[in-house]
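What follows is a pair of complexes built around chain A, which joins chain B in one and chain C in the other.
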Partner chain A sequence: MFKAIVSAETLTSALDSVSVLVDECKIHLEEDGLEIRAVDPANVGMVDLSLDAAAFESYEADGGLIGVDLSRLEDIAGMAESGQLIQLELDEETRKLQIQIDGLEYTLALIDPDSIRQEPDIPDLDLPAEVVLEGKDVNRSVTAADMVSDHIALGVEEGDEYFYVDAEGDTDDVHLELTGEDLIDLQVGPAHSLFSLDYLKDMNKAIPKDTEVTLHLGEEFPVKIYFGFAEGQGQVTYMLAPRIQSE
Partner chain B sequence: MGNAALRDIAVIEEVPFDEIEGVVAVDAHNWLYRYLTTTVKWTNSDIYTTADGTEVANLVGIVQGLPKFFENDVTPVMVFDGGPSELKEDEIESRREQRRSYEEQLETAREEGDEVAIAQLESRTQRLTPTIQETSRELLRLLDVPIVEAPAEGEAQAAHMVRHGDADYVGSEDYDALLFGAPLTLRQLTSKGDPELMDLEATLEEHDLTLEQLIDAAILIGTDFNEGVSGIGPKTAIKEITEHGDLWSVLEARGDTVEYGDRVRQLFRDPNVTDDYEFETTLDPDLEAAREYVCDEWGVDRDEVARGFERIEESVTQTGLDRWT
Partner chain C sequence: MEFATFADRAAAIEAEPADLEIVAHVRDLLEDAGDPESTDNGADDRIATVEIVARFVQGRVFPAWDSTTLDIGPSACYEAIARAAGQNVDADDVEERLADVGEIGDVAASYDFGGQRGLSAFAAGQGVGDNDLTVREVHDELVDLAAAEGEGSEDRKVDILFGLFNRCSSDEARYLARLVLSEMRIGVGEGTVRDAVAAAFDVPEERVERALQVSNDYGEVARVARDEGLEGLDAMELAVGRPVQAMLAQAGTVTDALEEWEQAAVEWKYDGARIQLHYDPDGLESAAGEASDATTRVFSRNMEDVTGALPEVVEFAEGTLEGPAILDGEVVAVDEDGDPLPFQEVLKRFRRKHDVAKAREDVSVRPVFFDCLHADGDDLLEEPLTARHDRLEGVLADGPQQDPDDVDGLSLLWLADDPDEIESIDAAALEAGHEGIMLKNPDSAYSPGRRGKHWRKRKPDVETLDCVVTGAEWGEGRRATFLGTFELSVRDEATGDLETVGKVATGITDEKLADLTERLEPHIAAEEGQEVDLEPAVVFEVGYEEIQTSPTYSSGYALRFPRFIAVRDDKEPGDADTLERVERLRS
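After this line comes the complex of A and B, so read on.
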């Protein structure tokens, strides 16, 4: 059983943050909210999302599992105008999702969850550095790095206590330092890792500019990127595996 | 080549590439040949022909074929054929004859300017020239892909390595891998999409045969090394073996004969293989040197191999999250 009413913004934010990594995903319809966990086919980027029941106008579920084509569902959600509500209801018999947006009815065929890539195990990471910054600063870093290179180094300078971004291109370089004043919070620790901008650019798209983003970093370790949406009732954690750094 | 009729007997299922991990002992000639024919078929010959007319389509083929292994964290070990078995010479002779006939047709097609026929025939007349043998090995070495030299059939050697636990799968299009006792064989490594997994244990179980009986059934149907008994297909072969127990009893009951039956049987049961091999499974390709070799030394068009090299580079520099789980 699953029946819910949710704002178009909240649903779209949730779907967008997953669709940057995968085309299809499994959605767990738990009693206290939705949960999605997915990893891209190359096993480089992972998303772990939860959307609490409180983020919905109304929510009823009893622990089912459905598989969806994300771009299809995003297209449908895109039919709603800002501020409109979307009603979702699972037809247990036909295994289709009935979607209603202000008189518009859409019947969405679901995907057999067994045919979707297995959900990943969450890596066990002990990351020494923590950087809390605004979404717009993440965006600024990624956009600048993307102008010169395919990859980006993220690190923390322990002595002078700042977070830095480095991108080295064939001809041009980008360097950005964010100190305690620019950041919301900083816990220093040994951290320097290189990441593919292809992935980080996509993840950045899903990060709201006005939100608080927490980065957990280590030395040649994956980065964990955490942020909330839907007034904190939705949580997204991305994990991105590093590139090996050539000396 | 092998016998395609074995497909009707073998237990084969398609498996997603992400479920495959470990080491694949690849029948190198078989693998290379596939890429050679597709490269020649789809690529303008100027791209892989040096100024003095030497064709190195194999280099293009290798750069196209290897990324798949790297990207899926599967280590390929290329097992090259040694000298052919005496018995296989008939097969080789008949292939040679066929090639001669293709070459004649190709000549005619060229005279007539039939582009399609030329492309098709060129792909069939490819052979592993000494240059191809040599340059393939050198490129594989630069890319740190292990090479094993088989004393005879590469496929038999590959099967031997899997049986010994030094590799996890044989990689071959050839169904004969079953007869050489390869526990697990991956097919379609050279095609787009997911490979097929051929399972020896499951095959034997399904037909309630021993490996020796499966070999006998294959000899009745026909292998690379012998003509089969006329009128015996996969179904009949299994029925006869199940009923009579082994090759000789079947032949006796039917009043048929198989030339060299005993030797063919021996060839599959106790093939000429070696334990003298060693390889690392963590690959550290020197992409700069490989690019230089292919593009500068052999003059292959840079654009033609750029994507393949990039894919290999990307797969060795980008780690996967599974490393931390």
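After this line comes the complex of A and C, so read on.
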């Protein structure tokens, strides 16, 4: 059993943050909210999302599992105007999702969850550095790096206590430092890792510019990117594996 | 089996010049493929590694009967390579390197992959060494890649491929790139795999060959040979719903056909597109072995499913056939009177996926069948052609008494040992608007995928000759008042004389004979018995199979199987072809 009413903004934010990594996903319809975990086909980037029941106008579920085509569902959610509510209801008989936006009714065929790539185990990482910054600064870092390179290094300078971004292109380089003043919070620790911008650019798209973003970093370790949405009732954690740093 | 092992063996095969050694390598590869690794839930319905290896080694991911493709273009592959190659390499760089190196495998092998680590390397309890690709994993990822469709599928394909390349060593990358772009080319042909299966699992080659013909899947045959032995191989049958390769024809002549066979089976050659019809009134299994409601599927020569494009064929099958059958034939475009239209018209219909009903209004098609591979539970591949044709007639006919001429959708078959008779069948075929004739060995089996000597399409005339008619004979019986058997001559420019090159008697209808007699009679110069000498006046365009030297005719040459094509009203005897041209055409 699953029946929920949710604002278009909340649903769209949730879907967008998953669809930057995968086209199809499994959605766990838990009693206390939705949960989605997915990893990209190359097993490099992962998303772990939860959307609490409190983020919905109304929410009833008893622990089912459905598989959805994300771009379809995003298209439907895109039909709603700002501030409109979307009603979702699972038809257990037909295994279809009934979606209602005012007078618009859409019946979405679901995907067999077994045919969707297995959900990842979430690595339990002990990452020594923690950087808390605004979404717009993440965007600025990624955009700057993307001008010169397809890779980005993220690190923390322990002595002078700042977070930095490096990108080396064939000819041009970018270096950005964010000190305590620019950051919301910083816990220093040994941290320097190189990441593919292909992934980070996509993840950046889903990060609201005005939100607080927490980065967990280590030496040659994955980065964990955490942010909330829907007034904190939705949580997204991305995890991105590093590239080996050459030379 | 690890993909690295496969890549090692593939490299060894590629480096090996001797065919027998290549077979030995492939044999080892099949033997070492091993059993499928067990899964957690016990029962393993996954594909066996030996099947994958038997396909990969030929550069295939899917069975030969399966028209599924990876549907990934070179540029997407370059992009995936670029992403795996590391910092600031883009698809253009890969393409540039390809232009230098010349081969995608070498390009892929030239990069140092693996820069991007996977999350699993950091997952709790998993070692970093867990990252080695297996043959099975490569297969499963490629199947996923092929299945990606719709919006964003191109990106998804690149992602999957990037994930694979990222885990490749240089040799692995070489063969992965080639596999993905269907450029394996390590010198392993179909015969190699057949012989290797036979050697690896100790079964006779010809039984492997038979199993390959009916199943059209090297992978399945390798697995069955290994797991079920000869008994299993021999039990393999045609599956109605799963296409087999079409038997093909080579070019040939009437002369050769009649020299090699006591008589030739002659059929009209239709100017259409080859189809294989699969029908089962109880519903076909899909090619993958799943039950379905569909009763009819139609495949192209390349085993592409063209059912949707050809509703007439489906309607024909449903209206005509009673039991399960696999029929081989052509689909021909026809005009309102049912007369054939040129091949281009068929193409307007053949692979169409949209607006079929509309296209059908413009051009309609009809099927004509000339062979029967399976009927009512019997596989007929090994039956002689004549027996198969009898079954075909039985399958298509309304009742046992029906005249073959009236059987809808049946291509007629004549047994002939006389060149003239064959010529008249050819003439009739051409007259009816078809391409000519096929000559087949009446005793031959159906050999899927083989372009053998048993089927020959009559070589089209290389060039026609314009000859002066210099003589004729009065006919006999019904044709006593007509001139026939026309003597043909060409000009010797050096002497200005006309020299004979042969006589033409075939390719002419009664109506035409009357017309020709009327034209030629005024030019009769002398008569002796039935023989008539003619003043040079009329020019014939004639076809022939070849020109040979001959003491019989004054030119020193003779046209073999000359065939009347037309009167060249536009030509005077002085414009007819020369002896020099005859000599040139012969050489």
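One rule holds in what follows: the second predicted complex is superposed on the first by the 247 of 247 C-alpha atoms of A that agree within 3 Å, B and C clash if a C-alpha of one lies under 4 Å from a C-alpha of the other, contacts with A are read in each partner's own complex, and residues count from 1 in each chain.
Keep in mind that, in the parts below, contacts are C-beta pairs under 8 Å (C-beta built on N, C-alpha and C of every residue); 3 or more make two chains touch, one makes a residue touch a chain.
Remember, predicted model here, so these are calculated numbers, not experimental data.
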item	value
Fit-or-clash call for chain B and chain C when the two complexes are aligned on chain A	clash
Broader residue contact with chain A after superposition on the shared chain, chain B or chain C	C
First (chain B), second (chain C), both or neither touched by A:S71	second
Chain B versus chain C as contact partner of A:D170, first or second or both or neither	second
Which superposed partner A:P222 touches (first chain B, second chain C, both, neither)	both
Contacts of A:E119 with chain B and chain C, given as first, second, both or neither	neither
First (chain B), second (chain C), both or neither touched by A:P41	both
Partner chain in contact with A:D182 - chain B first, chain C second, else both or neither	neither
First (chain B), second (chain C), both or neither touched by A:D23	second
Contact residues of chain A, present in both the chain B and the chain C interface	39, 41-46, 117, 120-125, 196, 221-222, 239, 241-244, 246
Partner chain B, residues of chain A touching it in the complex	39, 41-46, 117, 120-125, 196, 221-222, 239, 241-244, 246
Contact set on chain C toward chain A in their complex	83, 86-88, 90, 114-124, 141, 144, 148, 150-153, 156, 159-160, 162-164, 166
Partner chain A, residues of chain B touching it in the complex	18, 71, 316-325
Footprint of chain C on chain A - complex, ascending	23, 39-46, 71, 117, 120-125, 149-151, 168-170, 196, 198, 221-222, 239, 241-244, 246
